[in-house]
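Structure first, commentary second.
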Amino acid sequence: MERVRAGLMERTYLEAISDGLRVALAEDDRVMLLGEDIGAFGGAFKVTAGLQQEFGADRVFDMPISEEAIIGGAVGAAIVGMRPVCEMQFADFVSCAFDQLVNVAGKLHYRLGLAAPIVVRLPSGGGVGGGPYHSQNPEAWFMHAPGLKVVAPSSAADAKGLLLAAISDPNPVIFLEHKYLYRRIRGEVPDGHYETPLSAQTVREGEDLVVMAYGAMVHAALEAAESIPEASVRVLDLRSLVPLDERAILDAVHDCAKVVIVDEANYTCAAGAQVASLIAQRGYEDLDGPVVRVATPDVPIPFAPALEQAVLPGAASIAAACRELLAY
Amino acid sequence: MLLTRAVEERGLSLYKQGRVTGSFYDGRGQEATAVGATFALAAADPVCPLIRDLGAHIVKGTSPAAILGHYLGRAQGVSHGREGNVHLGDSERGVVGMVSMLPGMMPVAVGMAWAFKLRGEQRCALAFFGDGATSVGDWHEAMNLAGLQRVPAIFVLEHNGYAYSTPSSRQFVVDPLERAAVYGMAGVAVDGNDVEAVFEVTREARERALEGGGPTLIAATTMRMHGHGAHDDASYVPAEELELWAGRDPIEGQAARLRELGVEVEAIAAAVRTEVDAASAEALAMAPPDPAGVLEGVFCEGEARVVGAGAAPWSGFAPA
Amino acid sequence: MERVRAGLMERTYLEAISDGLRVALAEDDRVMLLGEDIGAFGGAFKVTAGLQQEFGADRVFDMPISEEAIIGGAVGAAIVGMRPVCEMQFADFVSCAFDQLVNVAGKLHYRLGLAAPIVVRLPSGGGVGGGPYHSQNPEAWFMHAPGLKVVAPSSAADAKGLLLAAISDPNPVIFLEHKYLYRRIRGEVPDGHYETPLSAQTVREGEDLVVMAYGAMVHAALEAAESIPEASVRVLDLRSLVPLDERAILDAVHDCAKVVIVDEANYTCAAGAQVASLIAQRGYEDLDGPVVRVATPDVPIPFAPALEQAVLPGAASIAAACRELLAY
Amino acid sequence: MLLTRAVEERGLSLYKQGRVTGSFYDGRGQEATAVGATFALAAADPVCPLIRDLGAHIVKGTSPAAILGHYLGRAQGVSHGREGNVHLGDSERGVVGMVSMLPGMMPVAVGMAWAFKLRGEQRCALAFFGDGATSVGDWHEAMNLAGLQRVPAIFVLEHNGYAYSTPSSRQFVVDPLERAAVYGMAGVAVDGNDVEAVFEVTREARERALEGGGPTLIAATTMRMHGHGAHDDASYVPAEELELWAGRDPIEGQAARLRELGVEVEAIAAAVRTEVDAASAEALAMAPPDPAGVLEGVFCEGEARVVGAGAAPWSGFAPA
């Protein structure tokens, strides 16, 4: 259910996230922000710029370089009633907090009936010359860890709406914000509080084939679809990976019969593998061709632009996959 | 303490009867530390127990039947069959159950204490851990963050000289108590087998915490009188060491002091036996959990329930 | 290529692993063992019992509880020529060493051309009343981390052969040894040094349907197959997850046309999701029915036997899935 | 040091010209620490540099052209385009390139040193890291393990008072140098801007290490004269602080001392300029990497190549 209050404004994806944080801090004093250099400095990407000045140093905290303690501390604060929102400086550093997320936060409710409403913001993804340690897409690791929700907005409006939904959620939510989209994507973003549901959304209609993607790859998929005027290509933005909108996925397969699934993450055991396996099991009868995946091969993301572009999926590789499948 | 030991003894005999799955872990010989420290908390102060701290659950008011039912994996046990052995925690009573990963609850305790400080509440959080757990990165991050934010937290190191089979000499070269200072926090040594002494240093630590004096590391020296778990005969512990510590039994020590004060220790012991007998019967009568609900509750669906402010029937303080 | 020397002996799965370690220590003094309580005590499961006595305290090390430092230290020793074999006391604790594995060990060769020949032994899996923290199957996390090999033997002979292959391998290898199999499975194990290839193996012939599994689930699959005498059910033991034997998987689909994929790990983004997605893309034309997955649902593994058995796949649930698919 | 600074200056100007992707990180003002410490190693002693340690690469003999080619992401750069900015390392020369995760190479350095000790080799391993990195769990685990095993390792803390924008006061309450003792290792303070002093304490630490005296923590006080990266104007650093440190420039300091000894510093500087001009031209002429090979080398296919015993043209010692 989306609650929208008066007013719309053109904002970048990054500004939308900042605005979401501002709204949450203003309306709920349980909300606190934790992260490295997020205070006066405003964070490595300036997402939290101005928030410490506005809400005070007892709401927005510069943390020591201690990812485990950031997440563990957030869980502690959450279970006594706070709503901590953590920033990893880059998504890549979430590996350093893996144990707290997977073993503490994720299992707390099932084991002890204790909810841990934390949000972990992960500036993720490649395409920016970040090399092996500033380009990773860690979502699949957390999809494979029961008890964690995982969302990955592709538009400015969804970025804010999913962030506010994540903060309201009584569960730990991994929030993937794509660095490549930060300043490249803009759109109309409602003012004030609204929440985007954790479900998929059709962002381009079509009937011959559906491309499923999330995050930055949604834009690559849209570009690919535009480049194939001879066919009617639907694009489904998954938006939420846990919970996964299985209904929407199967409906799209039912409607289109051909499907291409895109991951920016490494191929093996990626989100797309799960989506493909779902379709192969429960959408099998609707299929009219193989379930095609496009993903980054199983390599660390190389630094040099020529190499990085050679491994990341893009409009061209997605379009090629679509064309081949359309011809099937 | 008597109750703690009696419940663990009962758990162990249930295990030996093959009624408890997995292994069984107890805190034989270390009861004074968990009991004394938890007794020094107010009802609203949450505690994060570890392997040897059944006493913390008991002091916080978790019933023997609920604990035995937990060991047995029954539906009405503390964890409704989802968790076993020492991984229990009745959060309504302010007990946050441990994770296996040592000492994973320390950062969590820091976070709770931090929230109390931010909200200006007169509460503190206490976390237990062993000497072995001090080698883990989480220990350092939690200690450092606690010192930095001067949170009202109490860290109780249960220094029993062993981590499973590994003696402290293969865990660190400098006693962790000395590490308190490098995090800018107070460090206090105490005889972990003297329940009144543990109570007293914890009481002081709590006072310091609530006055804004920051966290305290309490190092309680004690000895694990059983193996790491019931499957471990602890043959790596020299017999003399065990003998020495057998003479320092925390329960016998306190019993002697109480007798001098005219307390009828034997009557209490008898009452405890009766209570545990009843609890054991109650626990054995509990139904196993219904597999039909096994997939429920991975996610919280309604309002997030927070750690309770506790009932603390045994607290040295009135509810905060 | 399997090198087998004279002699065979009945050994348990656990004894086979111990023997593999003994052979490696004896034949190569670069091999060193690192782990908690693995010395005089012989490890939580007694896999290393007697090895410190036999080879000395400068080959078999009791480590402090420092999973990151165990893996990182092993990487350091490996890049200057040692062959460290690390034991996590339970596979579950590998989460504490996640960063060193994924970001240091896995990426070292691609980034710097430096090989890190370490082996990380993970006593994994459920069925033993271990509860949420002593039952996990973490393989998919590492399959989604480029640069790590992942193997999971199901038999005593493969346990030793894959361990020796892992120790010889110039890359970091995650070695999943299933706790449930330790003392329950025994078989003929050749003496001395031999290596099992990192490839799949058909462990039961059949033509109507193939069940793909690894680790303990191979035994559940075999039991399921036996329980369906009316059909000819093949069982493919994957054995190696990275590299994944895609050829063997696709060949089996080609031969049988119906496939059931079993994971003991949690469903979402498990190894089975990858296998299923592979088949849905590249084996689509050979399929004669949906690609069926059987896996543990997305819950922490509960402690009570009645609950644990309700979530873990077993012969019964696998057989049911087979029967349904056979009837398709 | 001159060469270090010149190479970084050139890298920075290439970055400003838009020829370097991502961001650019340099160690302006900290050159003496990396150079002095690495100079005190033998050729066979591996080093794990961090963000501010281009000097370590230079001292180990990595050529300016290979470094500039690396910044530019070229095929003949140190990393063949696979890595960028400070994440380089020529392992043939005993340089193990850093990972981003701080201080992820510390446990690795401990492992290398441990192997040397086990094999009875007269080698040690050195790892650099910043004040901010001391808050990470890995730091603690590595320090503890190094102290326990008394490995021949040298840890060089480059204490510049900031971690990105975060001042040390929000990183810890007690100077990390004081932590050396709680791991049972020697701790030595040094002026990180005095190259000879850094050399001397490192030389002593190496001697201690090789004699079996265990690891040393060297705390080198210095100042990061640029922002964290080229995108950061470091406006959070008080101007007076920068001014103060500008007067302590490590290169000017050494130049003055050298001039007194009659060394023709200007001639050296001119030679360095010429060398870097040539290197820059060479690097700019290098081809970009061929995407055809991008999937190769995720796994090692042949024999595992080990960290080289180095060439160390600039070492204070003969190859070990």
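A, B, C and D are the chain letters, set down in written order, and residue numbers restart from 1 in every chain.
We adopt the following convention: contacts are C-beta pairs under 8 Å (C-beta built on N, C-alpha and C of every residue); 3 or more make two chains touch, one makes a residue touch a chain.
Please read all numbers here as calculations on a predicted model, not as lab measurements.
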Most distant chain from chain C by Cα centroid: D
Whole-Å gap separating chain C and chain D, where each centre is the average of the chain's CA atoms: 39
Separation of chain A from chain D, taking each centre as the mean of its C-alpha atoms, in whole Å: 36
Averaged-CA centre spacing for the pair chain C and chain A, given as whole angstrom: 31
Chain B and chain D, separation of their C-alpha mean positions in angstrom: 45
Junction residues of chain A, two or more chains touched: 64, 66, 68, 92, 95-96, 99, 103, 107, 110-111, 132-133, 146-147, 298-300, 302
Multi-partner residues of chain D (each touching 2 or more other chains): 79, 82-83, 87, 99-101, 135-138, 141, 144, 148, 170-172, 298
Topology of the chain contact graph, where touching chains are joined (line, ring, star, complete, other): complete
Chain A residues within the chain B interface of the complex: 32, 58, 63-64, 66, 68-69, 71-82, 84, 99-100, 103-104, 107, 109-117, 146-147, 149, 170-171
Residues of chain A that touch chain D when the two form their complex: 36-37, 40-41, 44, 62, 64-68, 89-90, 92-93, 95-96, 128-134, 297-300, 302-307, 309-311
Residues on chain B engaged by chain C in the complex (per definition of touch): 21-22, 73-74, 79, 81-85, 87, 99-102, 132-133, 135-138, 163-166, 170-172, 236, 288-289, 291, 294-295, 298
Interface residues, chain C side, partner chain A - complex: 92, 95-96, 98-99, 102-103, 106-107, 110-111, 132-133, 140-141, 143-147, 242, 244, 265-266, 268-274, 276-277, 279-282, 284-285, 287, 289-293, 298-300
Residues of chain B defined as touching chain D within the complex: 135-141, 144, 147-148, 170-174, 178-179, 181-184
